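Both complexes below contain chain A, partnered by chain B and then by chain C.
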Partner chain A sequence: MNSLGIAWMLAAVQTLIFVAAAPLLAGWVKRLKCHMQNRAAPVVWQPYRDLAKLLQKDMVLAANASWLFRATPYIVFGATLLAAAAVPLIVVHLPTAAIADMIVLVGFFALARFFTALAALDIGTAFGGMGASREMTVAALAEPAMLLVVFTLSMTAGTTNLSAATEFVLQAGLVLRPSFLFSLFALAMVAVAESGRIPVDNPATHLELTMLHEAMILEYGGRHLALIEWASQVKLLIYTVLIVDLFFPWGIAREFTAGALALGIVAVTAKAMLLAVVLVTWETVLAKMRLFRVPQFLGFAFLLSLLGMLTSIVLETGG
Partner chain B sequence: MNMAGGIPLLLAYAAIICAVMSGAISLFAVRRHPGFLHTGSFLFLFIAGMADVVAGGWALLANLIVTDQLALGLPWLEWHLRLDPLSGFFLVLLGTLVTATSLYGPSYTREYTHGEAPQPLPPLGVFTATFVLGMQMLLLADDALVFMIFWEMMSLSGYFLVVYQHQHAGNRHAAFLYLLLAHVGALVILLAFGVLAAFGGGLTFAQMRAAPLSPLWATLAFAFAFLGFGTKAGMVPLHVWLPDAHPVAPSHISALMSGVMLKMGIYGIIRVSYDLIGEVRWEWGVAMLIVGTASALLGVLYALMQHDLKRLLAYHSIENIGIILMGLGMSMIFLGSGHPLLGTLGLVAALYHTLNHALFKGLLFLGAGAVLYRTHERDLEHMGGLIQRMPVTAFMFLVGSVAISALPPFNGFVSEWLTFQTALQAPALDNGVLRMIMPIAAALLALTGALAAACFVKAFGIAFLGRPRSRHVAHAREVPRGMLLGMGLLAVLCLVLGILPVPMIEAMAPITQLLVHSALPSATAQGWLWLTPVSPDVASYSAPFVMLALILVFGLGYLFLKRGAVPTRRCSPWDCGFGQLNHRMEYTSTAFTQPIRRIFGAVWKVEESVETSTVGVGPIRRVTGINHYLHVQDWSWLKVYLPIGSLVLEAARRIGFIQTGSIHTYLKYSFWTLIFLLWIVSI
Partner chain C sequence: MELTSLGIYNQAIILFAALVLFTSFAMLAQTRIVQLIFTFAWQGLLLAVVTILVAMVSDHPHLYVSAALTLALKVVLIPWLLYRLSVRLNMNYEAEAIANPSLLLLGGAALVMFSYFIAVPVVHLSGLATRNTIAVSIAVELLGMLIMTTRKTAMAQVIGFMSMENGLFFAAVVSTYGMPLIVELGVAFDVMVASILFGVFFFHLRDSFDSLDVSHLNRLSETNDSLPLQEANGEERP
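Up next, the complex of A and B:
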């Protein structure tokens, strides 16, 4: 097999690992959170059990659900899968990274969100409408901040390609760039908002006044719900790996040898577990915000990303 | 005429003759045989559209420049015509939309003869034909005279089409505003041509191209052209006519207006600044980028507040014109600072978005027209559940919504992605301020895109999903096949342009060669699968792979999950134990955008109040009704147009004293004017 074939195969395997490992991260986060809040913790692979249970269940649909409602879980999962394929997990320079750059990645998330929001409106209950309205509002504020971070990084690295940007950070070595620091904080805040964590949203609630994402998928069940839940777990892993790749990529494999790949797996696992600790601490010490405080939170993220870009232009490129 | 390359031009002439025939049939035959409009008039329009596509496409792909002179008009003023890749591109755009609307029109116009208030059809047919004719000819014009004649023909026909249902006072008001601003715009365009003609020594575009312009005069000419054509394109703050005029025209005309007529403004800007003036300056680009960003953001924010479906779409046209202007502005900044390749990238992004917007906005207006046709409803608050009653229309509208929200793998995403990529090349610039404003503009474009997605979740979700909110919407039926065919054509093109961007960009090379003497070799170098605007290391996007992967997920999902599963059970949704859910419990369009209205409150003049009427006295009262009033207004109307309007009225009142109403006074005026003119002539 030639090297291109190996590369494509590795890309496929990496995407599969990505999708397969996502529930593990969710389980790890849940376990840590329980420990930190003095509760009895489920085992780490509990999310797999939940998914298996949901996949086996019989389907019940609302009487007036349209084809769009049934197609949405597949679109959401497909878009998330594509996003996962574009993010380097254990190895850079894979051909799938060229399919989509960072802007397209944001586009995939937007596609998934668009259809989730539509499906929420499909049944015609007030919960769905409320969830859709709030989710689209939060997204409208988070997306510019996210893209501004992407712009800052790509203007410094000279590329919007994730693999190439990771390579740039690896080659630059340990340089403290103020713009990257601002961008890191901004991206972390956006990631919290986009993956529906505290303080923007609470993934563990079913109270109508506090939920965004859960309100949208309230009418889903069975394999549809399994796909959507799985997709949001993959999304959390994507944001984690995105932060790892862009700011702490050391350890990721740069050639296709067994040793490098094994090191890559170990490195990304360790870093994701550490980031999960940060997330859990954050979620434990903070309380959920009121909806109209969220614009301030995301406005701050936008401000940080803007500062990041301005420092990058003023301080780092000279001129 | 050069006969070797003359066939495309002859085809364009054939298209023009077909448009004339279409008008003639409506004028003479409809009264006796009403069915003629549905077949003959639209048939000729269909042929005209097809011929335009072929003629324009030929000129574009073969990179032809064909000129011709017609001995029409005044004896010493021949009409100069020219078909080149740029006009070819816009002819393709025009032809595609005319073809789609002529498939759609026959069924749609039946409503006017069979409805409750029948309308005469001949004016509609005639003015549609002259409207199309005006646009065809102005694209072929190679001198300012022909251009202005047909520009006016387009504008005036547009007036009659807007005022077609003149029984409603609102339509007459909208049409008047349209006419007023169209003429202010035309006047300014005339000034731009005046500057160019004065230095070039003639009215033909060839003379204008050769005009030696000082930077100051060139900037003046550009400023006039930008203002004049920008009025037609609907840029902020010259947009106020647009959201009033477009919705009230018949829907297939709305599609042509938003899809094509606005693009004539873009054509004018490109033709005058890139072609006639030639040397673009980066300062113009900055102005255009700022105006474009403002138009994009304000357009979408105003659109969010609308609950009239067609008005919402009209505001989105302002947004998309803003995006096009942003691409053009960045292109000018790069060209003016000596980066021809990046300037070409911006121009390609703008042209691609021009074509894309024509397709998806045409599609969306036709979809809104289909809803209007069956339900007689433009207000989102009365719609709902149409996906069950009109499944095909719903699907088409969904395609348009996804495309306009700039989501992969549809066409809107490709052009916005190209615009982003252009903005990200800002580090190439030397000027620090320029390096800063381009990424900030791009971030605002990201905000615009996200808000547009929110707006179309609202538009599609409230109109087509959920439960019907009124009786006639609950009993709607699918529209006739011809209308679906018109929409289907545009929907397929939206997908094709989204999946195959590389061949499309390759096809645009002659335009950029003509205008900026540069093409984008790197964008298409990696084959049709990979779009790499600058180089493969910098950015790449593969729409075919994205589409393939989505299809794969659907296939696998069906294979593993659906097959062999227990049949799905249907039951009523969870109603929180309150009993039957009804449409009054659904989220409304106003409720959907309430968070955004609150967050961006300063953008609109919002008047909101809740009135509770109660019966009884004392601490315990019985509530008999709760009324919510909401009035959202455009600041530019209140702060710019109303003061100007009152100023004009005041001035007219002051000058009014010279009107005595006596014939003697007027004779005296004429006498003194004559003396004055004679004096001027003598010195």
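Up next, the complex of A and C:
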């Protein structure tokens, strides 16, 4: 087999690992959170059981559900899968990295969100419309911050390609960049908002007036719900890996040898687990904020990303 | 100047300079008085760290004295004085309403851009490794002014004023490796005296208006009240 074939095979395997490992991260987060809040914790692979249960269940579709409602779970899962394929998990320079740069990655998430909101409106329930409007409000504020982070990083790295940017950070070694520090915090805040975690949204609640993402998928059941939940778990993993890749890429494999790949797997697992600890601590010490304070939260994220951009111009390149 | 061409200590200077700028933004958005005082103390601490780093890199030992002065005055003494005052004036849990926080922060970002453009000629002339941070020091100064203009309470305005002084000190450290020691001692003494005088001013303000809202000072109530009287008297005058 030639090297291109190996690369494509690795890309497929990496994407499969990505999708397969996502519920594991969700289970780990849930378990940590239970421990931290003195509750009895479910086992780490509980999300797999939940997904398997949902996949076996029959679906109940509303009588007025259109094709849009039925197609949305597949579109959401497909867009998330494509996004996952473009993010280097254990090895850089895979052929799939050329599919999408960071801007297209943001676009994939926007596509998934757009269809989720449409499907929520399609059924015509009050909760769906409310959730859709809230989700779009949050997205409209989070996306500029995310894009500014991307622009800041690509100004420094000279590329918008995620794989090349990771490679750049690896090669630069230890450089204290204030723009990266600000971008890291901005990206973390955006990730919290986009993956629906506390303090923006509470992933553990159903049927509350405060929910955002869950309100949109209230009408889904069975296979459809399994796909959407799986997609949101993959999305959390994508954001985690994105932070790891861009800011702490050490350990990721740069050539296709068994040793480097094994090290890459170990490194990304350890870093994702550590980031989950940070996320859980954050979720435990903070309370969910009122919906009307979310724009302030995201405004702060935008300010951080703007400061990252400004410091990258003012302090790092100079006049 | 590219960041990668600098040594690790110079990079640390730039990183801490960025953090000083961030504390200015944090003060701009901070509505609670006690947290505002703490953020101000943090800014002083970061400034002292920058000064120590500059002293190490540039081998100017008198900067250690400046750093020690900053640490003693702006991290310990003045925040402690202000905190005690806020407790005594019973305003340590008060929050001030800021009319449009997001717009304010964007205005702050615009000020950073503005100070970048005024600093560019200076940066071209300077040969110091810290020259990129001159723009940030000007921005800290302007942001202190923005804090003073957007706040109503005297306490927040005083903190904005002190933050402007921080910006001046910062500019002196990064553009010329500090002012002569005698000047710095004088300024430090002035700041200390100012903080005590401001305390007296707070008490007078509260005694006169029953609040620390300086917008009361805009209205010259005595003149307005006595105006009809004067007019009445004026009729009798020839």
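Everything that follows uses one rule, which is that the second predicted complex is superposed on the first by the 318 of 319 C-alpha atoms of A that agree within 3 Å, B and C clash if a C-alpha of one lies under 4 Å from a C-alpha of the other, contacts with A are read in each partner's own complex, and residues count from 1 in each chain.
Note that a contact is a pair of C-beta atoms (placed from the backbone, for glycine too) under 8 Å apart; a residue touches a chain by one contact, two chains touch by 3 or more.
What you see is a predicted model, and the numbers here were worked out from it, not measured in a lab.
After overlaying the two complexes on the shared chain, residue contacts for A:T125 are found with chain B alone; chain C is out of touch.
In the overlay built on the shared chain, the residue A:A172 is in contact with chain C alone; chain B does not reach it. When both complexes are overlaid on chain A, the residue A:C34 reaches neither chain B nor chain C. In the superposition on chain A, A:A62 contacts chain B only, with no contact to chain C.
When the two complexes are overlaid on their common chain A, residue A:F182 makes contact with chain C while staying clear of chain B. Chain A has more of its residues touched by B than by the other of chain B and chain C. Once the two complexes are overlaid on the shared chain, A:L315 sits against chain C while remaining clear of chain B.
Shared-chain residue A:L307: touches chain C; no touch with chain B. Residues 295, 306, 310, 313-314, 317, 319 of chain A contact both chain B in one complex and chain C in the other.
Chain contact summary for the complex, chain A toward chain C: residues 172, 174-179, 181-182, 295-296, 299-300, 303, 306-307, 310-311, 313-319. Every residue of chain C that touches chain A in the complex is listed here, in rising order: 1-4, 8, 11-12, 14-15, 17-19, 21-22, 25, 29, 101-102, 105-106, 109, 112-113, 116, 119-120, 123-124, 131-133, 135-136. Across the complex, chain A meets chain B through its residues 55, 58-68, 74-75, 77-79, 81-82, 85, 98-101, 103-104, 106-108, 110-111, 113-114, 117-118, 120-126, 128-130, 132-134, 136-137, 139-144, 146-148, 151-152, 154-155, 158-161, 164, 218-219, 223, 227, 291-292, 295, 302, 305-306, 309-310, 313-314, 317, 319.
Interface of chain B with chain A (complex): residues 384-385, 387-388, 391, 398, 402, 405-408, 413, 417, 420-421, 423-424, 426-427, 430-432, 435-436, 439-440, 442-444, 446-447, 449-451, 453-454, 456-458, 460-462, 465-467, 530, 536-542, 545-546, 549-550, 552-554, 557, 561, 565-566, 568-575, 581, 583, 585-587, 591-596, 598-599.
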